[in-house]
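Look for chain A in each of the two complexes below; its partner is chain B in the first and chain C in the second.
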Partner chain A sequence: MMELFLNALASGLAQGGIYALIGVGLALIFGAMHVVNLAHGEVLVAGALLAYLLAGAGLPLWGAILLGGGLGGLLGLGLYGLLLPVRREPPISSMVLTYGVALVILYGLVEAFGTDLRNLTYPAWVRPVHLGPIRLALGEIITLGMALLAVGGVAWFLKQSWPGLAVRALTQNREAAMALGISPLAAEALAFALGSALAGLAGALLVVVQPIAPMAAPLFTVKAFVVVVLAGLTSPLGVALAGLLLGAVEGLSALVNPAWGELVAFLTFVLMLLFRPQGLFGRRR
Partner chain B sequence: MRRIGFLLPLVFGLALAQYKIGSHLPLTGSLSRIGTEMANGVRLAVEHFNATAPFKVELVLLDDESSPAKAVAAVERLVGRERVLGVTGGYGSNIIGPASEVAERARVPYITSGGLTRDLTQRGFRYFFRFTNVEGYAVVAADLIAQGFRAKRVALAHDDGAGGTDVARAVRAKLQALGLQLVFDSSYPGRSTDLKPLLEQIGRSGAEVLIFIGYENNYATALRGAQVVRPKVNAFVGLYSLITPSLIQDLGPLMEGVYGTEPWTNGSAPVALRAEEARFVRDYRGRFGQTPGYLAALGYVQTQILLNALKKAVESGSPTPEAVRDALATSQGETLVSAYRFDEKGDNVLYRTVVSQVQKGRGVPVWPKERAYGRWVYPQVPWTR
Partner chain C sequence: MKERGLLWLLFALLLILPPFLDEYLRHLLVSSLTLALLAVGWNLLGGFAGQVSFGHAAFFGLGAYGAGILSKAGLDPWLALFLGGGVAFLGSVVALPILRLHGAYFALAMLAYAEVLRTLAILLEGLTGGAAGLFSIPGLYLPGVDFGAKLANLYVILGLLLVGVGVAFRVRYGPLGLGLAALGEEEAARAGGVPVFRLKAQALFLSAFFSGLAGAFQALYIRFLEPPYAFSLEWSVYPLVASFLGGRGTVVGPILGTLGLYLGAELGVKQVLERGYHIATGALVVLVVLFLRRGVFGFLEGRYAVVRPRG
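Now for the complex of A and B:
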């Protein structure tokens, strides 16, 4: 029984790595612009499909994965450009606009690729790795490692580099940041590109470890949103922790009943909104 | 001489007569690949019929974009303005349900093989006929396990959608009837991205065979997870959508040895119909430049059955939808996909799929024996046990 528990936990954490990536991406964008990007899942799927195409065409897998992330960044920049005219409008305008873009990307992808699932199978990535009683596919370990590495990189970037500090300053106090001479446009564009690149990277990693279809995009947006609400507006590491937690909760619930994974995840989300709206790691404002 | 003179106009009239049948399928939109393949099968059946029949049939084919509202509008047009004598087609139970209601109200026969939901034939409709059903999947798989593998203990995992639940119910009933022991029985969410915990439990259940019911994404998730968990079973049997070109391409060696039911695959027709099957495949390739899949074959045979009923109605001197319906209700026979005979609900009680096994990267029909093309390998799973 303990073996089952540990394996379910490990699988959940591996999935949580993906949630961490998309959660951190969404939190970055929201922090800098106070915009809930409803096209986040679509950016993920676009990254996944590009990686699928490039790897299928013979490009080395690592290159395909990185270019998937790169496409996410480009899409983020494009989306930011579209948001510029409505920046001063109430937040609902930006949300509606990102929703519209989400639909355009989603149905564009459906038109171009169809609704079929896509999956890259590399026998080495599917091979089991034994860590004591835990069995995981090598691909899951790589995905989790890369996700944590990317989140750590973003955290370092935000803390140690000038552009990163500018994004953080903008997130914490917009007026004060501008008074210090920080260009909000550049910092916002950077946050949007970086946040979306994380989503693209998540998609590119995902397509190597599990099947993915364009129609799954809205679910990933929702999952990213759940992660951000769970964490509260906090540091990337806090959001990443919430992502891992969500994955673990899903994995362990599935052990009790395979149909309970998402049910428990969304129930946790509702309870969090009701009883701790500032999230697990956020502070009440 | 006078008698011949009397017959001439009748023969001449028959040769010139044009009767219409209608079809609606998703030719554009997300299901266009499926709809187009099925439509090509329908088209080819009409062309083959017209090549030999003493009268010509015109096909009115409409795009329903896999939208229930558009399917309803399409059938309204077919039974109204086009005055067709029968409708062949429809894909998806949610589309076929409302579309066939229109045909029922207009008293025009509607034949389909695009929806498996049990409810479709539980509505008391008189003009509705379905070539395929879930029993056709369950019976052959259970027979293979009991009589072919001679296994005793079976695990069943199915997606929690209406289709998966329906098929699982049919499988359970059949396993019970054959005296097989169901040692594990669970549903899983269709959107699940990790089935390893489920596979762990199956591995510990003592099952000899795993019957897995799902869609392509579920099979891909399960077969990838099985490489890690390596459940101790002797065979992996997928009930539908498992042995597809896209899955074989994407999963490659992860598919080797799995079993899957298929309505039809090239070479699975009964021996007596192999020549007809070869003609179907040859003409389909020539006409559409592609190799036909089971969707094309289903579109072809359901239209064949409708056209044969139409021919009977014409020959009886009463080419009306009612006469076509009566001919359908009493018709029976063998097609390159399966035998057919409709019960009072319009369900094909003789429908059977074939079970194929992936051998060296392609699906080989192995069961039932009379439709087998190769010999099954058992025990065999794509992972090291």
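Now for the complex of A and C:
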């Protein structure tokens, strides 16, 4: 029983690594531009399918994964360009616009690749690894590690580099940042590209460990929002923690009935918005 | 009021035309009019009150399950139809606190509310039949009328839509609409003595009732329900997209948007690209947000005196 519990928790955490990546990406985008990006999951799937294609064509896996992230970044830049004309409109306009883009990407992918599940299978990656009583596929451990590494990298980038500081300054106080000569356009574009690149990377990592189909995209968008709302707009590390938490809850509820996990996630989402909009780890501003 | 003329014309057409159409076109009309009723309901809140919801599948699904369960329990299907709308109304009472949120937060919270209800429909197996679904729901009947054919259903949904449009018309051109129009500047409205929350709540109740009515009709029409279908994201997004296209905050806009979108996809784009109509829809949404903020009919209203509402 204990073993079952621990195994469910571990594979939940592995999935949580993916949630951490898309959550951090979405938080970057929302923080910098206050745009509710409904195309986030679609960017993830696009990254996943590109990595699938490239690795299938013989590119080394690490290259395929990186290029999946790169495609995500490019899509993010394109989306940012489309959003520029409506940046002074009420936020609902940009939200609806990103939904339109999501439809175009999603069904463009469906037209091109069909609705089949895709999965890269490397015998070495599915080999189980035993950590005490816990059994995980090697691939799951690697993706979790890479996801956490990427989150750490983003955290470092935001804290220690000039462009990263510009993004954070803009998130914290837009007017003051502009008065200091920070270009909002460049910083926003950077945040959008980086955030979407994380989604693309998440997709590319995901396709190595589990089958993925285009139609899963909206679900990933929603999960990313659950993570961000759960965490509040805090440091990437806070968001990543919320991602792991969501993964763990889902993993454990899968032992009984996966619907319970979803119920908890969405109910928490509504209640957090209503009663604790600053999130679990955020401070009220 | 030029919109009234346009509405009469539209309903006259929809009343006269169906007997001359084949069964397939009638079926398309039934489906599109159901969506139109949903859009009219959505627009009561998202258009007139400016509270854009991404989760009206919640009310559609509640109406569908309400009518389905009651009809299956032996209640008269006609009564079940209207009680379905009542169940959706109760669902909107539960959702009242969400009205405190604004803009994108409101939209997202509604989306999550619909998802909560979907998972509940899966988990409450005793009531809803769970993931397996609700089968052979007794449909509408009248002595001497064949409800297996599309025509009778078509006139029922047309009647329901007429009621919805009547209410929407009263809202737009009546005192409630005037108050709702003031919500664009919520703080100013509150300072001016407009009872902001009460008006928004009224819009939500009406909106939920008619969206639920659409769901209830759908349940009695297809006579089968399962959670992913009844609470599908499609029911949340379609009325939103149709209203943005046709003209959010007008009475006729959401209907024209729905008919154009649905019939255009079924009779036009789908013939060329099987799933391509989603791509076309997405591109259309982007274009409307970028270039036609008030939708097609809203644009015409602003531009040409012939269709301008007041004065």
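Just so it is clear, the second predicted complex is superposed on the first by the 280 of 285 C-alpha atoms of A that agree within 3 Å, B and C clash if a C-alpha of one lies under 4 Å from a C-alpha of the other, contacts with A are read in each partner's own complex, and residues count from 1 in each chain.
The definition used in the following text is that a contact is a pair of C-beta atoms (placed from the backbone, for glycine too) under 8 Å apart; a residue touches a chain by one contact, two chains touch by 3 or more.
Just so it is clear, the structure is predicted and the values come from calculations on it, not from any experiment.
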Partner chain in contact with A:V86 - chain B first, chain C second, else both or neither: second
Contacts for A:P211 in the overlay, against chain B (first) and chain C (second): which applies, first, second, both or neither? first
Answer with first, second, both or neither: which of chain B and chain C does A:E262 touch in the superposed model? both
In the overlaid three-chain picture, which partner chain does A:L273 touch, first (chain B) or second (chain C), both, or neither? second
Residues on chain A lying within both footprints (that of chain B and that of chain C): 110, 259, 262
For the complex, which residues does chain B have touching chain A? 30-31, 33, 160, 186-189, 191-198, 200-201, 216-217, 220-221, 224, 227-230, 246, 250-254
Going by the contact rule at the top, pick out the chain A residues touching chain C in the complex. 36, 82, 85-86, 89-97, 99-104, 106-108, 110-111, 218, 222, 225-226, 229, 257, 259-260, 262-263, 266-267, 269-270, 273-274, 277
Sort out for me which residues of chain C touch chain A in the complex. 52, 97-98, 100-101, 103-105, 107-109, 111-113, 115-116, 119-120, 122-123, 131, 233, 237, 240-241, 244, 273, 275-276, 278-279, 281-286, 289-290, 293
List of chain A residues in touch with chain B within their complex: 4, 7-8, 11-12, 15, 110, 114-121, 123, 126-128, 135-137, 209-211, 213, 215-216, 219, 251, 254-255, 258-259, 261-262
